[in-house]
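Below is one structure. I have some questions about it.
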Amino acid sequence: MSEGKLVVTSSPEGPSAAGNRARKAPFPARRAGRSHWQQRLEIALLAGPAIVMFITFVMFPVVLAAYYGFFKWKGYGPPTDFVGLQNYVTIFQDSTFQDALRHNAVIVVLSLLLQGPAAVLLALLLNQKMRGRSLVRVLIFVPYVVSEVIVGTGWGLMLQTNGAINGLLTKVGLSGWTVDWLSDPKIAIWSLMLIITWKYIGFAVILFLAGLQSIPEELFEAAAIDGASYWQTQRRITVPLLGPTIRIWAFLSMIGALQLFDLVYIIWGQYVAATAGTSTMATYMVVNGRNAANYGFGNAVAVVLFLISLVLALTYQRFVLRRDTEGALTEGGK
Amino acid sequence: MNLRKTLAVSAALVMGAGLTACGGGSSGPSGGNSSGGAVAMTFWHNSTTGDGKAYWAATVADFEAANPGVKITIQAIQNEDMDGKLQTALNSGNAPSIFMARGGGKLSDVVKAGQAQEVKVDDATKTAVGDAAFSAFTVDGKVYGMPMSILPGGIYYSKDLFTKAGITGTPSTLADLEADVQKLKDAKIAPIALGAKDAWPAAHWYYFFALRACSQDTLNKATADKKFDDKCWTKAGDDLTAFSKTTPFSKGFLTTSAQQGAGSSAGLLANHQAAMELMGAWDPGVIASLTPDKKPLPDLGWFPFPTVSGGAGTAGAMMGGLDGFSCSKAAPPECSKFLNFAMQKKYQEGYAKAFQTLPASKDAQSVVTTPALVDVLAAYNKAPYVSLWLDTLYGQNVGNALNAGVVNLLAGQGNSAAIVKAVVDAAAKG
Amino acid sequence: MATITAPPLSPTTPRPISSRKRHGLGRVSWVTYVVAFALVGVCIGPVLYIIIGGFRTNAEITTDPAGFPSTWQFVNYAEVLKGSIFWREVANSVICGVFTTLGVVVLGVAASFVLARYSFSGRAAMYALFASGLMFPMTVAITPLYILIRGLGLTDNLAGIILPQIAFALPTTIIILVPFLRAIPKELEEAAAIDGASRLGFFFRMVIPLSVPGVVTVGILAFIASWNSYMLPLFILNNEGSYTLPLGVQAFASQYSVDTARVLAFTSLSMIPALVFFSFFEHRIISGLSGAVKG
């Protein structure tokens, strides 16, 4: 797509130069005669509303959460029962929370393992000039577009003990394979992974296809000339060059898996998610916070969830993403 | 030139912000307002289908006709969603004027937060209903809700399926029940339908074992101190564990709901796919809505929860709930007026018929003819004491945790000590 | 051994052929088509189940869960379409989606422009501020956000949905748009300056038209996110008159769970607006995402 080419070729000064300019020359030398306060005014007008909205509705609530987390509070009137770190102690000692945390960890890891290699292989396969290629791309992206509520409702009905999946298995003669997909605590987490994989694999394939298309064809031609086999080419050229895309996808996948709520809440409801082995930190937060009217406690869980995501994201950024996007988050992108 | 552009940009952004701020949408229900003669109230109940919904529509219409200038907007909410939505509504100041309440700790939490007003009960209603029912709705000596139906619990069963399995009579002890369960399993009939997805149906089994194991005083004491340190609580859990080891429950109970659809536990009973269900006196009505012809199940019978040996509970004690309604803090006085109106004999009889349940007003109880309900009423009148459902008694926070703990136990993932721990933990969270 | 033209089409090496095909050397192997077909089938299958389920009767669904309709019942879809619930929720979802998108686009483009083309000392901090928004998902903020919205008196009000959604969409929007806007060549800006236009004039006359592709992408992503959002409406909207579609689907499913066929009809009708919207703009969405990954 043309946007990609635009980034690569047009800007005479590279992104790092822009970054340098930010550090060395706060005043744009070109704009002789333009007053400093006028630029400030423009910046304030243009960026101001966005900053105000963002701070009010995104950052401020999290600060509020940290504040409310120090209270026991039923939600009526202002909080008065200060308990310090008690809520946090309760959270970490609660075996239900530990289970939810464990489930989240399993979901994160399995999402990466189940979707990653499969999506890479599928992308490699679909990257060829086949007929109907764009139709295929559209159709595999459909699950991503449909909301998690609909996915949960539909799959919840299909995976019932007497639902469509078991019905289909019986029809093709595999009635021995019919199980309690949702009820059996040993199986429920796998059913959840099945649904998650179904929903997000198309997204991964599309991302990887995009990444594949930015690999210059000359490299493959050179490899062909050197007599490399298909698998050697994939292993030595394609996959490494796909690396940045894979790492970004893994980051998005990990953050999304930590925040999983809609699917679990719709399918298993608030009461049995923990028993079925599919509760997540987010469902734990809603069940023990809002639904039980323990708003102080619920806010404390939110803060814990935030800190866990933050630590993981920063660690990942530092050790994994750093070589791809040097200073991307601090210097305004490449 | 520059200044004009700057102003244009700022105007655009302000307009944009203004547009989004005024972005349409309906505002929520108001608690009620009395301006001049026009009174508007909102009314939340949990009958989303069938006769119950129609009953309320008709009763409200009659009240509006008798009280010109009063307009009541009805919202029917699915039972399982009711508690959460009510919670949020009460929290946000958008509470409905008239809302469903079940008394006990749940109601007293609401009253303590100043979200409900006292209900002015007129004398005729007081005599007709009697003190026992009002006690569940009394907080600090004042009445904060109007009970509409009494819903004692017990085991509903299908007489036909019992006959098919060769069972005569009904079990009176736990050992009898286990023997009957075995006979049903031998006849390839699912013995007991259980809708554990909603948690409370599973928890009811624990409540009844606790009713048999604990004395009345212990049950009431736990309301106040939420400690649950009496040994009877773990005995109840152990009894339930032993019972569930005989696998009496329907398959896949973890994701079976209680009342929603033909796949629910009530639906299983309605379609003769399970033989028994432990439920309150609303069950005949719910089952009737799920039978293929939507008529009451002709062979529905009832027997009280069997006796369990070694417990401190008095024989014949029952546990049940009461469905009623309360008025929110901002509701107009017409709210109490409406509740008294609906308690008149004519409407209580209509209630009993529409919901196929037991009305709270004794004057109207004679209209109950369903055989199962007649048995329930007889046992209720004989009972030495009737406890409220434990989750209602102990409030939403502890009640939810109690219910979830029982589900864990039934799924084989927790023991009786874990239930006690869950309850104590919940008390610590809120 | 090394060859300078295409490697021999050896019958014992089925796979290697495929990768060369990108360079236009011949047919794609049938394996690819089979895999593609299977993948599409798996992806679309459940969606079709929901849609077709709406055409069956409840009895059929109970006795034969995985079958096709014996006669196509239109009554379920008709009932849903005739009722006011569905349309009211569609209207609410549309209002939320449109205003969210407008807000996101206006605020996002303005802020991205500043970040992309102005130099000032706070720029890195401003960018980090928005990028850190990825760490503040709705899930984390929802409990205190609900209390904030309640304090503003916006519960049960669509504005209580729209305003937070705009705010939460800003990080992704800015991360996508900044490289986009930065890519507009400096020469254009200089030329505009020589012609006497101010920075703002440049913004209006040149940047906006040039950034339309990126803006369309972020607008679509914001619209889809708003359309599908469940947790925020779950907390904020209590009165069913103000429900959006995802909330409506769940409420309908629990209220009418007796009527599985009708629930499936309602669910599939709720899918359709998102799918239609997506099919119009899929090229934009996919290339926009690809651009974000590459850039």
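We call the chains A, B and C, going by the order they appear; numbering starts again at 1 in every chain.
Keep in mind that, in the parts below, a contact is a pair of C-beta atoms (placed from the backbone, for glycine too) under 8 Å apart; a residue touches a chain by one contact, two chains touch by 3 or more.
As the structure is a prediction and not an experimental result, all values here were calculated from the model.
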Which chain has its C-alpha centroid at the greatest distance from the C-alpha centroid of chain C?
B
Best-connected chain pair, where connection means C-beta pairs in contact
A-C
As a quick test, compute the distance in whole Å between the mean CA positions of chain A and chain C.
14
Determine the centre-to-centre distance between chain B and chain C, using the mean Cα coordinates as centres, and give it in whole Å.
40
Chain A: which residues touch two or more other chains?
42, 45-46, 49, 75, 160, 162, 290
Two or more other chains are touched by the chain C residues 62, 103, 106-107, 110, 163, 166, 200, 235, 260
Scan chain B for residues touching two or more other chains and write them down.
2, 6, 9, 13, 16-17, 80, 88, 91
Report the residues of chain B in contact with chain A in the complex, numbered from low to high.
2, 6, 9-10, 13, 16-17, 80, 83-84, 87-88, 90-91, 109, 113-115, 196-199, 251-256, 263, 396-397, 400-401, 403-404, 407-408, 411, 413, 422, 425-426, 428-430
Would you pull the chain C residues touching chain B in the complex into a rising list?
58, 62, 92, 95-96, 99-100, 102-103, 106-107, 110, 150, 155-159, 161-163, 166, 198, 200-201, 204, 235, 238-242, 251, 254-258, 260
Per the touch rule, the chain A residues reaching chain B in their complex are 38, 41-42, 45-46, 48-49, 72, 74-77, 86-87, 90, 94, 96, 160-162, 180, 182-185, 268-272, 274-276, 287-288, 290-294, 296-297
Applying the document's contact rule, which stretches of chain B touch chain C when the two form their complex?
1-2, 5-6, 9, 12-13, 16-17, 19-29, 48-49, 75-78, 80-81, 85, 88-89, 91-94, 257, 260-262, 264, 267, 289-290
